[in-house]
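This is the structure I have questions about; it appears just below.
In this document, chain identifiers A, B, C, D and E correspond to the written order of the chains, with residue numbering beginning at 1 in each.
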Amino acid sequence: MTDIEGASARLAREIGNVLERNPQSRNILQAFEPILQEKARLAERIVCKQIDPSAIDRSRLAGGIPVIRQTPLLLPEDPWEEIVRAVIPAIIQGFPALRAELLVLQKGIDDGTIRLSDFYRAQDGHPVLARWAAAIVVRQVAIDFLLWAAEKPVLENRRRTLQEVLSTSGWDRGYCPCCGELPSVAVIHEKIPQRWLHCSRCGHDWRFSRTLCPCCARESQREMPYFFVEGREQETAFICASCKRYLITVNHIGDLEEHDPDVLAMGMAHLDLLMQQKGFLPMTVSAWNVFD
Amino acid sequence: MKGIELVKLIDTSLCTACRGCQVACKQWNEVPAFRTKNNGSYQNPPDLQWNTWTLIRFQEYEDAGGKFTWLFRKDGCMHCTDAACVRVCPSGALYHTPFGTVGLRKEKCIGCKECVSACPFNIPRYDKATDKIYKCDLCQGRLQDNLSPACVKSCPTGALTIGAREAMIKKAHARAKALGGDANVYGDKFVDGTHVIYVLKEKPEVYDALPVNPHVPLSVMAWKDLLKPLSLVAAGGVLAASFLHYIIHGPKTPDDADNQTKEGGA
Amino acid sequence: MKKGLIKATDAFERIVHWSLAISCLVLCITGLGMMFHSFNFIGDLMGGLKSLKYVHNFTALFFVLALAFSIKMWWREAGVFSMPEDLEWMLCAGGYLWHVDHPPKVGKYNPGQKMFFLTVAFFGVIMVITGFIMWFPLSLPVELVRWMYPLHALGFVVIFAFFFVHLYLGTIGSPGSLPAMLHGWVTRAWLVKQHGKWLEEMEEKGTLEVYGEEKRAAQGH
Amino acid sequence: MTNHYIDLKNSDCILIMGSNAAEHHPIAFKWILRAKERGAKIIHVDPRYTRTSARCDYHVPLRSGTDIAFLGGMIHYILTENKFFKEYVVNYTNASFIVDSGFHFKDGLFSGYDAKKRKYNKETWVFEKEGSGIPKRDMTLSHPRTVFQLMKRHYSRYTPDKVSGITGVSKENLLKVYAEYGATGAPDKAGTECYALGWTHHTTGSQIIRTMSMIQLLLGNMGIAGGGVNALRGEPNVQGSTDHCILYGNLPGYLKMPTASLDTLEKYLHKCTPETKDPQSANYYQHYPKFFVSLLKSFWGEKATPENGFGYHWLPKMDDGVAYSLMHLFDKMYEGKIKGLFAVGTDPAVSAPNTAKVRKALEKLDWLVGENIFDNETHSFWKGPGVDTKSVKTEVFLLPASASMEKEGSQSNSGRWVQWKYKAAEADGDAIPVGEITIRIMAEIQKLYAKEGGPNAEAIVNLKWDYTDRQGRYDALKVAKQINGYFLKDTVIEDKGTKTEFKKGQLVPTFGMLHADGATSSGNWIMSGSFGANGENKMAKRGKEDPTGLGLYPNWSFCWPVNRRIIYNRASCDMNGKPYNPKRKLLEWTGDKWVGDVPDGPWPPQADKAKGKYPFIMKADGLGALFGPGMAEGPFPEHYEPLEGPLAKNPLSGQLINPAIELFKSDLDKVANADARFPYVCTTYSCTEHWCSGALTRWQLWLLEMQPELYVEIGEKLAKEKGIQNGERIKVSSIRGEVPCVAMVTKRFQPFTIEGKTVHQVGLPFNYGWLFPKDGGDSTNFLTPTVGDANTFCPEYKAFMVNVTKL
Amino acid sequence: MEMTRRGFLIVTGAVGSGVALSTFGLDLGPVRAYAEELDKAKRLKAAKQVTTVCCYCSVGCGLICSVDKVTGKIFNIEGDPEHPINEGSLCAKGAGFFDLTEANKYRLRKVLYRAPGGMDWEEKSWDWAIPRIARLVKDARDKGFVARNAKGELVNRAETIAHLGSSNVDSEECWLMVTKARALGMVYIDHQARV
């Protein structure tokens, strides 16, 4: 319990700190705060069937095959109802505009019209989603958003049990060794200036070369280009001339306290906007980097 | 930035006296180098000065058994919890930061030098030209950005580290234990704990310019804790007494009769 | 000015007095500004605490001068007690605290004033010494310097308290006193009451100056 | 380095001798401390107590210049206490070889000494051979003329008492170090040695290193992870510049500079290509002609043909037996014979020995071309102290150069890692890379010769000199490829039955494919393979794989030769190819191939009598040389006193100084051995805050603040005797000159007891010069003698005699 | 086995993200306004990082330079965290590497020339200096050229000119210098490998 409270307080403090520097991101941060808080609580609380770390084939992992390609990370038997019941109020709190739709969804779940396990049991989830959308009158995007928020604690929960395997795997790819997602944000430390990529999907952080593009693995020692905000040299976006992707990066981040890279990324949404205006694409779409 | 209480740990057993910290400090804080002289020691500048907030002290030490060691100690502000300098500072230029360190708002310093004599570690230094004192503020600006101080960042051997207070104190004791012999932790016990602590390889009394039992000077306590309130009490008391005298005893007016007599007689 | 007033002080005496008083007051006020953070605002009135420091330090120079003249000037009159009347006076507290029918007649300065003078002189000197060491502390042993601060503060405690006593007794606590330091002319009645002996002395020696009259002494010569 | 920096962590015992690693190689020291954390013992043997000593397990002081005595004592200890690794010694070294019966050693001299020439005739320094031409061996090592027995006899004189008397190291300390280090003779223990200029800067420098190599061979520490003999070199690309041989006696890739008597290419190649009759010796240098001809092809391209000996005649030839080193150069300049000098990124007016002579010599130049990023005392010699500027007729050019981060190119570290670096910024002002300056000057000279002709003009006019890009700027990549080498015609390479075809113009992927017939070019054979045939720049590789777990990082940059990270690595395995230490498995023979580091050749291990090869493939005999006839002063290192020392007689023999060193004779080359006027041993060094002559660091004011001026470190006892106070300005003088400086009285310098007498030692850094800062003192080398090692001519900066006096 | 990025998206079936925030009724006005403000004030700067190697001792530590792409100037130098030897850390001198860039006011920026007997440096251009140097080299070389030695052996030596340095330049430059020197017939060639 105290751990969760500590984490919650840390998150709140971090958001406060980011807002001090980047007040323009207030709407975004305030909208996502309840979801992030709920995710942190859930990831700690829920009981999922655990993957046996020894079942992960380390050599395949070393060969670049992430865990999710070896074993499913989202199972039909996961406690979806419990999660959704906790997540819906959090989303409503952050996104009042979705209130009506989410309440309809809540009802659908209550009366059994919508069972999330169906989606995770299906080979291809799309028909299931379409069926739901047809059965109740909500936008597909609302369902998507709910699923996104519901998956996060499960992925994070499973990822933690695999932490030891993941961090000793010698992973050297640009995508997440756990869930295969590309990074949404990176930090470069100040003292020993290593770059750590962050997966916003399962929350994994892994070290990655500073001279490679995480997305297309192109090496550029001669010139790894990036943009930074003048006077705010920590706020940068690394770009790849080859695949035209960008990666929001907190350059020379301090290490006195732990950070939540998602929160940092939200504080730098202005860079997402600017980079997209320049014609670059994010390495991955996160919940907060699509504007139009 | 809301802070956590920090402690910088100086592990003297790992220091190679490369003085990267000394340079990094000046570089980051943009203080100039002086044209120095060699005074017969590697230690240069010879002491802390207004442009030298941290300094590696080189000391040639021979123990009772004749065993020679060259001791290196990074000197600088200890960031006391009960900081005499903060107690005496008239202007609030020296203050406790949320990190537990002792910050310095230069613009507020009036150059009174009270902290210079009050400091049990002899740290603050006065610069005549700017009429201000200077000392390490543990890179307050960097701490606010969640960055470690410039010296810690520059240290290549891991002799300098910084982190949450409890954890660092634990780490220090573990290290002292591992080193064995006379190794000890310095700084966690006095002045309510400093925010810079040492793992010393030798006993504290061995080191130059390192007080064995530093404390807020008695004079500071006499002054700040006793005389300061007393001055108000005394002044207030006198005023009150005067008032009482006036209303009870009344003023001492000249005798009318006398007056008249003399006047009359004039 | 009323005719018949008696000259108690000359201009020089008054200048020295007020120099000392004003500089002391300024020192006390600026000192307070540095002593208590809650009084830091006093500095703002002077353009910052740093200016306040300069005001304090340079007023101190003025204070030193005033103090030196005061001591030189008043030492003989106020620095030594004349027995036995001073003792008697002290035993009955000069009639200030309880009713005394006839307090002993005292000279130009009563023992209270003498004590006040000696205190001011003593602590004034202390303030000057400690103050200067505090001003230029860097080449002196730190243990010495450290004790200057409480001594300075002690001096302040005493002087500041005495300042109020003096203020009271010089004004409403002892009506008729103030003119002695404003224009120097006091009433005979006041003089009789406060410094009877001195009056007698002056009359004896013929140094009494009465407003509107020729100086008797001058006549006498 | 036989090994490399990271490999230091794999060691069990690290002897730091002749190096101040913590101060001058802090990041290397990081790896030493990692070994220490693992439990390794770190020993510092050095004349003075430094910041390195402070972090080692213990420090042992010795008199400067007596390292061979110290190490010879260790050989004595290892042999008498049976600490050597017998299997290794018998099989992998020439310990069992039988030496010619004419060979002898008497009173400090080996057989064949010619006192007049100060040189040896080495004809008795050979092995007895079987009829087949293979050297005779006694695998029991008992024959009295085996290398082993001769060595044992030679070092039997180096008893602890004797060594203690020479070095000033207490017997107790000697035995402590010997026992600690000797323990690494166990098969599963690794001991390594780190040296630097503290060894090379002696008249016996090469032999000191050789003595250590012998110890490493005896203990089986050569060719293994955590072992080897490791030079921590001082300058960023001193390995690269040495590999490319900016040295009078060598051509790129350590090929030998031809001498006058070798008047044809054939004669030259015959002389330089070693032979062996032993089928088990790989004798890799048998390929010498391929390397040399490819070099000539890289110089003169198509103009180098078989008919003209590939331009062999265009190369200058040295006179036989004559040297042209830095010291000779300044000697000749002082004589007025050298008229023009290029001084690139160097400051000999501070750093060369005998400064007074060097500076006088510079005044005799007609012209001086300096290329640098800062001005220094050499470029500005004409306005130096005591120089009559007006009368100096030298025309001086100071050309502004780009700094390292302002140009693309490669730098080799001491571990032989050739690392590619990229240009971060354009240099400010008119500064351009040294490469570009070189190209422009030479192109202009070519034009002049094409127009006007001149002696041996073909060498210049025919030179292939097309190393600019389309904008006419210096193209480092083009040069690098030329160094790597090209196929100059379509070539088919056959290897184990597979044929690979290379087209003309493709890059040569390894030096094994170079040709002696002009079919390939290679500007430096050891760098051949720095590119793949397809053009991949291996020097720029950044792979982080570490399959052995020993920190070899085979995919990080390129490492010569052929990316081998630890040389002689086959010696880490037994005769059957099984690693001696399975916990630090560097290499293993799996029955058909070697797995691990890149092996010293693909052949099976030695036990396979048919196809197997000995491990030391660059040696003609294939084995580690305990007996080393290649050295100028003898096959076994012997202790000689420095040119200037406190002793009038060598305690070990009648031969006081190294009999093979060249003595310079100008009026400024004075020597004062065992002279009462100069009673104190002096040594020189750098400090961590400065770098070399201070040419870069004196201009950095924060560094200068910490080490502002020249000082001399003297022991407390000596200071007391002389009445010298700490911090006082005093004067240090030798017979050649004097330097005023600040006295640093310290406990870190202790007097030695040498042969029963107290001998004091003092030391000064050499980081200062008059140009900047103005009041920081001048070159320490006013004190040092013009004398150097007999093999390499590295000057003696580390041991000479001085006096210290109050001003 | 090399996995493609596309492969994962299908497998993981990531859902939910990628919807425009405005769809959910979030007011992005402040972020847009701030981005626009940065854009207008041209505060978004282009930079690049470049790898290089330290130029002090021979350990060969890796460095990363940060360079302003507009001005072309280096504004930060730090240890290369990927470098296996230094692992991102630097010693005191290496940490001061930046002081060797043009930020150091003492760096040479112009061709300097000192005429015979001259009292001070004069600034010159490359185009003036190079031909002058070439001329001096040719004259000195030709004057003292030793085609045959005392024994009459062909030696083709230029004994009157000499070359010193350097271990502070890149290997390719070393090779060029040594090639140049040998082509000119120099034998007095040396550098810091000895000192």
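We take it that a contact is a pair of C-beta atoms (placed from the backbone, for glycine too) under 8 Å apart; a residue touches a chain by one contact, two chains touch by 3 or more.
Predicted, not measured: the structure shown is a model, and the values here were computed from it.
Colleague: If you take the chains that touch chain B and keep only those that also touch chain E, what is left?
Modeller: The shared contacts of chain B and chain E, listed by label, come to A, D.
Colleague: Can you name the chain whose C-alpha mean lies closest to the mean of all the C-alpha atoms?
Modeller: The most central chain, going by mean C-alpha position, is E.
Colleague: If you average the CA atoms of chain D and of chain E, how many Å lie between those two points?
Modeller: Result: the chain centres lie 26 Å from each other.
Colleague: CA centre of chain C versus CA centre of chain E: separation in Å?
Modeller: 78
Colleague: List the centre-to-centre spacing of chain A and chain C in whole Å, with centres computed as mean CA coordinates.
Modeller: Between these chains, centre-to-centre, one finds 79 Å.
Colleague: Where the CA atoms of chain C average out and where those of chain D average out, how many Å apart are those spots?
Modeller: 87
Colleague: Listing for chain D: what residues touch at least two other chains?
Modeller: Residues 26-27, 30, 408, 422-423, 542, 544, 688-689, 702-703 of chain D each touch two or more of the other chains.
Colleague: On chain E, where are the residues touching two or more other chains?
Modeller: Residues 50-51, 82, 89-92, 96 of chain E each touch two or more of the other chains.
Colleague: Identify every two-chain combination in which the chains touch.
Modeller: Contact pairs between chains: A-B, A-D, A-E, B-C, B-D, B-E, D-E.
Colleague: Show me the residue ranges of chain D that touch chain B in the complex, using the header's touch definition.
Modeller: 22-23, 26-27, 29-30, 33, 49, 51-55, 687-689, 701-711, 725-728, 742-748, 773, 775
Colleague: Which positions of chain B touch chain A when the two form their complex?
Modeller: Chain B reaches chain A through residues 1-2, 4, 6, 142-143, 145-148, 152-153, 162-163.
Colleague: Applying the document's contact rule, which stretches of chain A touch chain D when the two form their complex?
Modeller: Answer in residue numbers: 172, 209, 211, 219, 221-223.
Colleague: Which positions of chain E touch chain B when the two form their complex?
Modeller: Counting only chain E, the residues touching chain B are 89-92, 95-96.
Colleague: Any idea which chain B residues touch chain D in the complex?
Modeller: Counting only chain B, the residues touching chain D are 14, 16-19, 22-23, 26-27, 32-42, 44-45, 60, 62, 68-70, 72, 156-157.
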